[in-house]
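Below, chain A partners chain B and then partners chain C, in two separate complexes.
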Partner chain A sequence: MFCEKSIELIRELQRISDGQLPAFNEDGIRQVLEEMKALYEQNQSDVNEAKGEGRSDLIPSIKLRHCCLLRNQRCVTAYLYDRLLRIRALRWEYGSVLPPNIRFHMCSEELQWFNQYKKSLANFMRSVGGEEGLDITQDMKPPKSLYIEVRCLKDHGEFEIDDGTIILLKKNSQHFLPRWKCEQLIRQGVLEHVMS
Partner chain B sequence: MDSQSYLPVPPGVGMEENFLSLDDILLSHERLPSRTECLFPRLGFLEKSTDSQDIQEGTKMELPLWLAKGLYERKRRVVSIELPKVYREGWRTVFNADPTVVDLHKMGPYYYGLGSQMLHFDSPENPEIAQALLQTFIGRFRRTMDSSQNVYNEDTSALVDRLDCLERVLFKMGQRGLNSFQGWEKGRASHLTASTLVLNYRKRKMTDLQA
Partner chain C sequence: MSAALSDEGSDQNDSQEDVMTPVELIAKLEEAWLNEKFSPDLLENKSEVVECVMEQLTHMEANLQRVRKGDMKASLHRMEIDRIRFVLSSYLRSRLQKIEKFFPHVLEKEESRADGDPSYLSPEEYAFAREYLANTETYLKAVALRHMPPNLQTVALVKAVPEPCLDSFVFLRVKERQDNVMVEPETDDQREYVVDLEEGSQHLMRYRTIAPLVSTGAVHLI
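Now for the complex of A and B:
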């Protein structure tokens, strides 16, 4: 049957439904596009024949192929769109710099899109909240205190806080830090929020 | 748990399909028993049982829902679609008797979705199908809701096993609500946690290394 390749693309995303980004399936997309090209050419010649020689019996087949074309189009669009949703989520979960193993899973157009998205978001954040702008990726949960107790889960190197002090984030060390400084590191799994 | 920033395109409601929803695309890939009502020239290779160049009139085929929907016309019969077994009279009485004992995952897994889609094809049984779907859902909903609200920190796989896709989504939502409520009660609502996405990535990286 037609359109088996395109449904494979969709299944690939559905298997990892928690929002992780699988590698861009360039080969799969190419195969779908090739199938579409073949379908289109076949249809074109059948349409000409149906018109020129009055063979209206060809019409059901033409319609069937046309349905397949539309179906392939839908699958590819949905595949690309769902990936964009995932990429957008990465900006919020990881911050503006993605780990290389994730960047590796994106195609060049997606990387470009991610950069554009980053820029739009940054522009927006600069435009709200007065002079300094407002980081809307901060304080996803309402803060209760300015400082929080955190423990390092892995070596992260040196880290500078507001007053210029530099602290060393070493595995298993515990610190009392400004909340807004470490929120992102917690989300990335470098620090752990310790509650007494 | 924490709010997820990845929200997939939700599936359509009722008879509508959502164009970009992955769930709906997989739903419309379900195969329906059907019969061709006219000749399809030059497509014989799609039907493995014959060597002929064309698909003959009256061939029985399993067509995916999307194709059946595309080819189906009220005025000109190109294909006729049969009801899948689970929506027929016999099964409907089973569902009527006790909807909670049926394993909808095995029957579906898109029992409700596919059932609603079947209403696109003119069939005299349509009102009964719609009624059966609704009654089945009503009959099972209470149990789904109850279990999703009361199972805390336990293995839910036995409960989820027999649920249809739609019910699974509802179950998951209930569980998320229960978990965040429990978190709030314990005063952990303001606890900052690592993103689940990040954690899952790390898990996968570990297995990648082991492989």
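Now for the complex of A and C:
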């Protein structure tokens, strides 16, 4: 049956829960493209025959093949686009540097897209209202309290808070720190927010 | 949330030419934020509010530097700054999300708008949307489209990317009384009818019906 490979691509993404990025299925894409090439060539020769010899009985099969071509195109672009949306979500989750195990699942063009997206987003944030700009990937949750209890997950060395006090972030030590100073470190995995 | 800001902002605002007080400014920001968060479509940009709030935040940060350490007032103001910054970031984020989600439609709307009409995108957002479109097109072309048969090498993104669903229902609160709002039928056996929206009343309606009222500020989404 035609189009089975492309449906398989869509199913693959649907099976995997949102926010996860499976490995880029280069082989699947290649097979769909090959199928499209074959369909297209067959159609070309049938069209010529239908025109040259007036064989109107070929027209239904030409139409069928054309529909399959369109469907394949649509499935492949949907597959690629859905992956882009997942990659976009990763930028907001992990920041501008992706963990290597995720990069491993992306093809080189996807990496290019990601880098360009990063750049566009950075340009946007820099140009928001005034010279300094605003990092809108911060402050993801409404602030509840000024200070939060954090635990150090790895040695990070000395850390200066706003009023000039320097504290030593040692592994397994616990601190009570201003939230706006730790948000970044929490996302980097240096600190952990202790919920009591 | 704006109470603590007002006593601090009042002495700075004298020098500025606009008459908006910080309280009004924050109220405006909150309104824009809630409307944007709950509407299915991208609303007009409020870049002047964004700029003013950014300025206000910088002022407050600067004022905080002068307060002596351990002052109770300082931590209250710090909390205030955090809250305002959250609202502002969240507002810009939800706009950006919509731009990304509906980019072909957003750009089409922006480019077909007549001169003099208010623009939906701020210049920064417009630049972002253009880059996003170009980036995505380049990507699709490089990976798949250029390997396809010659008649299938383009994709009409306007058709392929879903449009904002204007028929989704939204909660709203009426700020200015509206008479004779036309409600279109939902099913074939219903007829269209008119409702009056009393000031202060709350409703659940389709966004399409009240979209113009949201942009004039006569109703708020909640």
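Note that the second predicted complex is superposed on the first by the 156 of 196 C-alpha atoms of A that agree within 3 Å, B and C clash if a C-alpha of one lies under 4 Å from a C-alpha of the other, contacts with A are read in each partner's own complex, and residues count from 1 in each chain.
Here is the rule we use: a residue touches a chain if its C-beta (ideal position, glycine included) is under 8 Å from a C-beta of that chain, and two chains touch if they have at least 3 such contacts.
This structure is a prediction, so every number in the text was calculated from the model and none was measured.
Peer 1: Touching A:Gln174, do we find chain B (first), chain C (second), both, or neither?
Peer 2: So A:Gln174 meets neither chain B nor chain C here.
Peer 1: With the two complexes superposed on chain A, say which partner A:Arg71 touches: chain B (first), chain C (second), both, or neither.
Peer 2: Only chain B is touched by A:Arg71; chain C is not.
Peer 1: With both complexes overlaid on chain A, does A:Gly19 touch chain B (first), chain C (second), both or neither?
Peer 2: first
Peer 1: Of the partners chain B and chain C, which touch A:Ile102 in the superposed model: first, second, both, neither?
Peer 2: first
Peer 1: Looking at the overlay, does A:Asn48 come into contact with chain B only (first), chain C only (second), both, or neither?
Peer 2: In the superposition, A:Asn48 contacts neither chain B nor chain C.
Peer 1: Using the superposition on chain A described above, determine whether A:Asp139 touches chain B (first), chain C (second), both, or neither.
Peer 2: Once the two structures are laid over each other on A, A:Asp139 reaches chain C alone.
Peer 1: After the superposition on A, what does A:Tyr81 contact: first (chain B), second (chain C), both or neither?
Peer 2: In the superposed model, A:Tyr81 contacts both chain B and chain C.
Peer 1: Of all the chain A residues, which ones make contact with chain B and with chain C?
Peer 2: Common to the two interfaces on chain A: residues 70, 74, 77, 81, 88, 141-143.
Peer 1: Touching chain A in the complex: which residues of chain C?
Peer 2: Within the complex, chain C contacts chain A at residues 47, 50-51, 53-55, 58, 69, 75, 78-79, 82-83, 85-86, 88-90, 92-93, 96, 100, 124-125, 127-128, 131-132, 135-136, 138-140, 142-145, 147-149, 152, 155, 160-161.
Peer 1: Under the stated contact criterion, what part of chain A meets chain B in this complex?
Peer 2: 1-3, 7, 10-11, 13-14, 17-20, 42, 46, 57-58, 60-61, 63-64, 66-68, 70-71, 74-75, 77-78, 81-82, 85-86, 88-90, 92-94, 99, 101-102, 140-144, 148, 183, 186-189, 192-193, 195
Peer 1: Would you mind writing out the residues of chain A in touch with chain C in their complex?
Peer 2: 29, 33, 36-37, 40, 69-70, 73-74, 76-77, 80-81, 84, 88, 107, 109-110, 112-113, 116-117, 119-121, 123-124, 127-130, 132, 134-136, 138-139, 141-143, 146, 163, 178-180
Peer 1: How about chain B: which of its residues touch chain A in the complex?
Peer 2: Within the complex, chain B touches chain A at residues 2-9, 19-23, 25-26, 29, 38-43, 46, 64, 66-67, 70-71, 78, 188-202, 204-205.
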